[in-house]
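Presented sequentially are two complexes of chain A, the first with chain B as partner and the second with chain C.
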Partner chain A sequence: MPSYECEGRTYDVDEDGFLQDPGLWNEDVAKDFRGTEGITELTPDHWKVIHYIRDYYLQFGIAPMVRKVCKQTGFSLKEIYQLFPSGPAKGACKLAGLPKPTGCV
Partner chain B sequence: MASVMKSLTRPMTAEEREKAYSTPKKPDVMERQRLPVRYHVEDFNVEDRPRRFLEVFASVLQHHPNYRLALDHYMRVTTRCARCAVACPIYDATHDPHDIPCYRSELLLSIYRRHFTVSGALRARLLGDPGLADEKLQEMADSYYNCTACRRCHFECPMGIDHALVTHLGRYLLSEIGIVPRALVVSTREQLIGKTANTSAIPLPALIDTLEFLTEDIQDEKGVHVPFPIDQEGAEYIFFTSVSDFMMEAETLKGIAAVMKATGDSWTIGSKYYDGINYGLFYSDQVMEHVLHMMRAEAERLKVKKILIGECGHSARTAKFFYPTYCGGKNALPVISILEYTQRALKEGRIKLDPKVVTEAVTYHDPCNIARPGWIVNQPREVLKAFCSQYVEMAPNGRMNLCCGGGGGTVSIDEIRPFRTAVSGRLKAEQIRRTGATYCVAPCANCKKQLRELMEDQGVECEILGLHDLIYKAILLPPDSAEETAAAEAADGSTASPAEGSPS
Partner chain C sequence: MPEATPKPEELVQINYDPHEKDWRKTRPEFRKGTFCHAALPKDVKYLGLPNPRDWQPPDVDWKLPPNWKEIILQGMKERLEKFRSFRLFMDICVRCGACADKCQFFLGSGDPKNMPVLRAELIRSVYRRYFTTTGKLFRGLAGARDLTEDVIKEWFYYFYQCSECRRCSVFCPFGIDTAEITMMVRELLNLVGVNTNWVIGPVANCYRVGNHLGIQPHGFKDSIDFAVDDLEEITGVRVEAPINRKGAEVLFIVPSADYFATPHYYTLLGYLMLFHEIGLDYTFSAYAAEGGNFGLFSSHELAKRLNAKMYAEAKRLKVKWILGGECGHMWRVVNQYMDTMNGPADFLEVPVSPFTGTRFENTRSTKMVHICEFTSDLIYHNKLRLNPSRNDHWKVTFHDSCNPARGMGLLEEPRYILRKVCNHFHEMPENTIREQTFCCGSGAGLGSDENIEARLRGGLPRANAVKYVRDKHGVNLLTCICAIDKATLPTLLEYWTPGVDVGGIHELLGNALIMKGEKERTTDLRGQPLQQKSEAVHA
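Then we have the complex of A and B:
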C-alpha cells in the first residue's frame, strides 16, 4: 500500500493519494496534503469549504453536490477552482479526507 | 458531408507524444505498456493466461453465436487496407500503425483464425505455429484501451467491418481473465454488489437531500415549486441518469425537472435503484446484462410504463438497444431519451422557451453513443435552434462527429488524462476552438467531464454544459396554482418521502 509522508507523519493512502481510512482525518491531514494539490497556504476560505464537505460526509457518507457546496459556502464555481485547482470533486475531497469519487465524476 | 476527415492539426511531435503517454504513476501489472492504464487484476497467473483466454473465447463463442457469425465473416473479408485510419482521431494524432483500427481488430481476428477454424489449425500444424502467446495478450490489453470505441471507423471500412464490435469483444474476453481497468471495476462493483447500488456510491439519504436542495434552488431562482418525485408507483416514466449528475450537474437536473413540470407528465426516480450508468457496455456483456436487470426490477417494482434516460450517451444507448435484448424482447418497456422527450414536448407546444435569454453563440457536440447510429442527431438541434439566437455547427457533425476523446470508459480512467486531452481529444479541442462558441452543449455526463478537462488542458475558452442547462435558463414556467403552493408549504421544500429501508 502506498503511503504519504509529511513533517514526520505517515499516512496510508490509495494510488491517487487519497486517505485510505477517512476516519483518521484531522486538520493536520488537510495541512499535510495541501502540497500534493498545489496549494501553498490554507486560508479561512479553504477551511470553510473543507469543513463543509467534511461535515456533509460525516452525515451522509458522500461528498455534497458541487452546486450545494457553492450555495452553502457562498463561493462561485470559479472561486472554488481557484481555491482547489483540481476541482471540488478531487482536490477539496482529498483535503477533507474523503475517499476518491468513482464513476463519471 | 465530407466522409474523409481532413486533419485540423499538425502531426504530433515526438516530445508531445512522450508527454501524453507518460505518467508519474507506475502501472501495476502489465509490462511494456504504452498507455499507463492501471489494470485491475486479482488472480494473476501469467503462465496460464493464454490457456484461460482461449477457454473464455471458446465459451463466449458457444454462448453468443452472433459473435461467431460476425468473426467468421470479418475474418474472411478483412483486407487490412487501413482505410479506417483516416477516420480515427487517435491515429490522426499519433500516426502510429498500432492505432489503426483494423490493426487492432486483426489482433483478435488472428487468434480466432488460428484457434477456432479448421484451416487455421491445419496451417498451424504445417508451419509449426505454437499458438497464442502471452505477449499477444499484453499487446491486446494495451491496444484495446487505446481506443475510445467511438465507432467512427466503421463508416470507412469498404468491407463493412465494425472494428468497435471487435474491440468490444476483445475487452470482454480480457475482462474475463482479469485484465480490465481498475477504475471501471471499482465503480461497477459498487453498483452490482455494494450497499448503495450505484457507481458513485451515493447513499439514498444523500440523494434525497440533494433532490430537496434542488427543489429549493428552483424555488429560489424561478419562484415555482418543482418536485423531484421519488417512488411514485404507477408513474408514466421512471427516470435513470448517470448517477454522477446528482453530484456534478445541478443545472441539467433542474432543467429536466422543469421540463417534466411544464409538460405535466408523471415521472419518478426509484429509491432502490437510480443509476443509469452501465459500464458493461465498455468491457463486459455480463455486467451489462446484470445492470439492465437491476433497471428492469426497479421499473417493475414501481409499475411504470416507460423508461426515461437522462443526459447520458452510453446509458441511453445500452438501455435503448440492449434493454429489449436482455429484458423481455418485444414485451420490454419502451425506452426514450430525455432529448427525444423534450423535443417532442416542444413540438407539441407543451413547453415554452424564451428566445431572448440565451444570446451567446452555442454549438452542439454529438455524443458518439447516441449520434453514431443516427438515433439522436436532429432532436437536440431542433430544440437549440428554437431558442438560441446564435447557433453554430461544428464540422464534421452528426453521425460523422468526432469523439470527445473520453469514450469507451476511458474518461473514468484518471491516470490517462494526458492521453485523453493530448491525443484522443486533440481534434475535438481544435474543432470547438474554431466554432468560437461561448457554450458547447454536450448532453452526456461522459462527454461533459472529458470536454471540461480538454478545454482546460488545451486552453480553449468554452463553457461545456448540458442541453437542459440552457433550457433551464430559458424555460417559462407557469406560476404555481393554489394547490401546488399549499403542497409546497406542507412539504416545506421536501420531496416525497421514499420507501423505508436502504437500497439493496
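Then we have the complex of A and C:
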C-alpha cells in the first residue's frame, strides 16, 4: 500500500494519492496534501470549498454534485479549477479527505 | 492532466513500423499512463471474486494463484462450450487484416498488438495450443503458443486497451465481434484475480448502493431536489421529480454521472423539463439509480447482476415500461444480453408513448425505450414547442456513442432531435460517424486518470474528426449520448482540439424547450447568456 509523507507525518493513501481512511481527515491533512495538487497556499477560498465538500460528505457519504459545489460556494467551475487545478472531483475531494469518485466521471 | 503527460506534438509522432522481433517475443512495458490500477482487495472481496490481494501491474510477481494455469484453461474450456460465438470467433478468422487499421488504439499508438486481428491472436494462439489438434501436434508451426505468466500480463495490457467499441467488427467480413473476445479474456483474467480498480470499484459500489458512484438514497434525493430548485431559478417553472413512486407508468433510469458530474448534469435538467412539460407519469428509483453497467467490462456474471436490479425495480414499482437516459453501455447490455440474462421481461408491457400512441415494437423484448427514441417521436408528432435559436451560441456536431450506435442502431433519432433544437449542426466526416463512429478512447472501463496516455492515443482519431469541423465550421460543441463520453471527451478535446465543449442532446433540448408559464430565458442551462432573442418558434 502506498504512503505519503509530509513533515514527518505519514499517511496511507491509494494509488492516486487519496487518503485511504477518510475518517482520519483533519485540517492538517489538507495542508499536507496541497503540495501534491500544485497548490502553494490554502486561502480562505480553498477552505470554503474544502469545508463544504467535507461537511457534505459527512452527511451524505459522497461528494456533492459539481454544480452544487459551485452554487453553494459561489464559485464558477472555472474558479474552482483555478483553486484546485485537477478539479472539484479530484483535487478538492483529495484535500477534503474523500475517496476518489469512480464511474462515468 | 498529469504533469508527465507528453505534449500533443510529441504524442502525435506515432511509429507504425512493425517490431523487428517476432510478435511472440515482445513483451508489454507497463509504462505509467498506459494501464489502469489493479482492483482493491476490499472490492474484489465484496463481490465474492477470486484472489483478492494487493498488487499492481508493474509488479514482477502478480501473486496469481498456484494453479492459475489450470484455472484459465478450465475457464476457457467452459466458455468454449457455453458460448458458441466464442468458439466460432476463435476458429474463423482468416487474418485478412480488414480490421487492422480500424481500431483507434492502433491508429493512436502504432502498436501492432492493438490491431484487432493481433489482439485476438493473443488468445487464439493459446486456444490453438490447448484446444485444437493441429496446435497440440505442431505447436508454433500451427500458430500455437504456450500459456505463460507473460501471456497473462500481455492479455491484461492489450485487452484493457480495447474499449469494446466494436468498430473493427463493422469491417470484419466474417462479422467477428471482437468486443466479445475482449469480454472473454477479461472474464478469464477475473478468474485469477486480474482486474482493474476503475471497473471493479464502480461494480462494487453499484452492487452495494445501486450506482457506480456509491451515492446513497438520501444523496440521490438531495441531488435531484437541487436540480429541481436550480431549474426553477432558470425557467421559473417548478417541476416534480418523483423517486420510488409505486404505480407510475414509467421507470426512468439514467447513468449516475447525470446527477453528479458536469456536463452530464445539464442533460439531467433537460430530462426533467421535458417530463414536466409533457406531463409524463414517471418515477426515478434510488435502487435502480444507475443505467451504466461496468459489470459488462469484467464478466457476463457481473453484467447480469447489475442489469437485474433495473428489472427487479420495475417489477417492485409496478411500472408498465422503462425509459432509459443518455447512457452508453447500458444499451449494449439491454439490447444484446438482457433477454437471455434476466429476461424475458414479460411482467412489463410493450412500451406505448402516452402522448403519441406510438408503440415501440423494437423494444418488444426489453420493454425499454431510449430517451432519444421517445423524444424524437414527440417532436415528430408536434408535441413540443421549441425555439432552436436559444442554442444559437452553439455550433454543434454529434459524436455517435459506440454502444447506442453499433449496439442498437440508434443513428437517426439523435440527429432528428438536434436538427429541431439547434440551427447550426455540422456532421463530422462520414467514416467517423454513425456505425463507423470512433470511440472516445475511454469506454469499457478505460477512463481512469492513470490511463491518460492510452486514452489520449485511443481518442486521437475522434479528436481529429472534431478538429475538422471545428476548423471548417467553427464547431464549439460536441454532443453525445453516453456518460463516459461526457466524462472523458472534455479532457480529450482540451488536449487535442481546444475550444470545443461537450454536452448532451437533452441539454440542447432543454435550452430550446418552451415551457408553459416559463419566465423569459436569459441564459442557457449552463448559465451562459443567450446570444440573441428570437421570436421564431417551431411548433
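By our rule, the second predicted complex is superposed on the first by the 105 of 105 C-alpha atoms of A that agree within 3 Å, B and C clash if a C-alpha of one lies under 4 Å from a C-alpha of the other, contacts with A are read in each partner's own complex, and residues count from 1 in each chain.
Keep in mind that, in the parts below, a contact is a pair of C-beta atoms (placed from the backbone, for glycine too) under 8 Å apart; a residue touches a chain by one contact, two chains touch by 3 or more.
Nothing here was measured: the structure is a model prediction, and the numbers come from that model.
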State whether A:G74 touches chain B only (first), chain C only (second), both chains, or neither. neither
Between chain B and chain C, whom does A:G23 touch in the aligned arrangement: first, second, both, or neither? neither
On the A-aligned overlay, A:P44 touches which partner chain: chain B = first, chain C = second, or both, or neither? neither
On the A-aligned overlay, A:A89 touches which partner chain: chain B = first, chain C = second, or both, or neither? both
After the superposition on A, what does A:V66 contact: first (chain B), second (chain C), both or neither? both
With the two complexes superposed on chain A, say which partner A:E15 touches: chain B (first), chain C (second), both, or neither. both
Residue by residue on chain A, keep only those touching chain B in one complex and chain C in the other, then list them. 15-16, 60-68, 71, 89, 101-105
Across the complex, what residues on chain C touch chain A? 37, 40, 54, 56, 197-198, 201-202, 205, 211-216, 218-219, 222-223, 226, 230, 255-257, 259-262, 264-265, 292, 294, 447-450, 482-484, 486-487
Interface with chain B, chain A side, in the complex: residues 15-16, 60-68, 71, 89, 101-105
Considering the complex alone, what residue numbers of chain A touch chain C? 1, 14-16, 60-68, 71, 77, 89-90, 101-105
So in the complex, which bits of chain B are touching chain A? 25, 38, 183, 186-187, 190, 198-203, 205-206, 209-210, 213-214, 217, 242-244, 246-248, 250-251, 277, 312, 411-412, 414, 445-446, 449
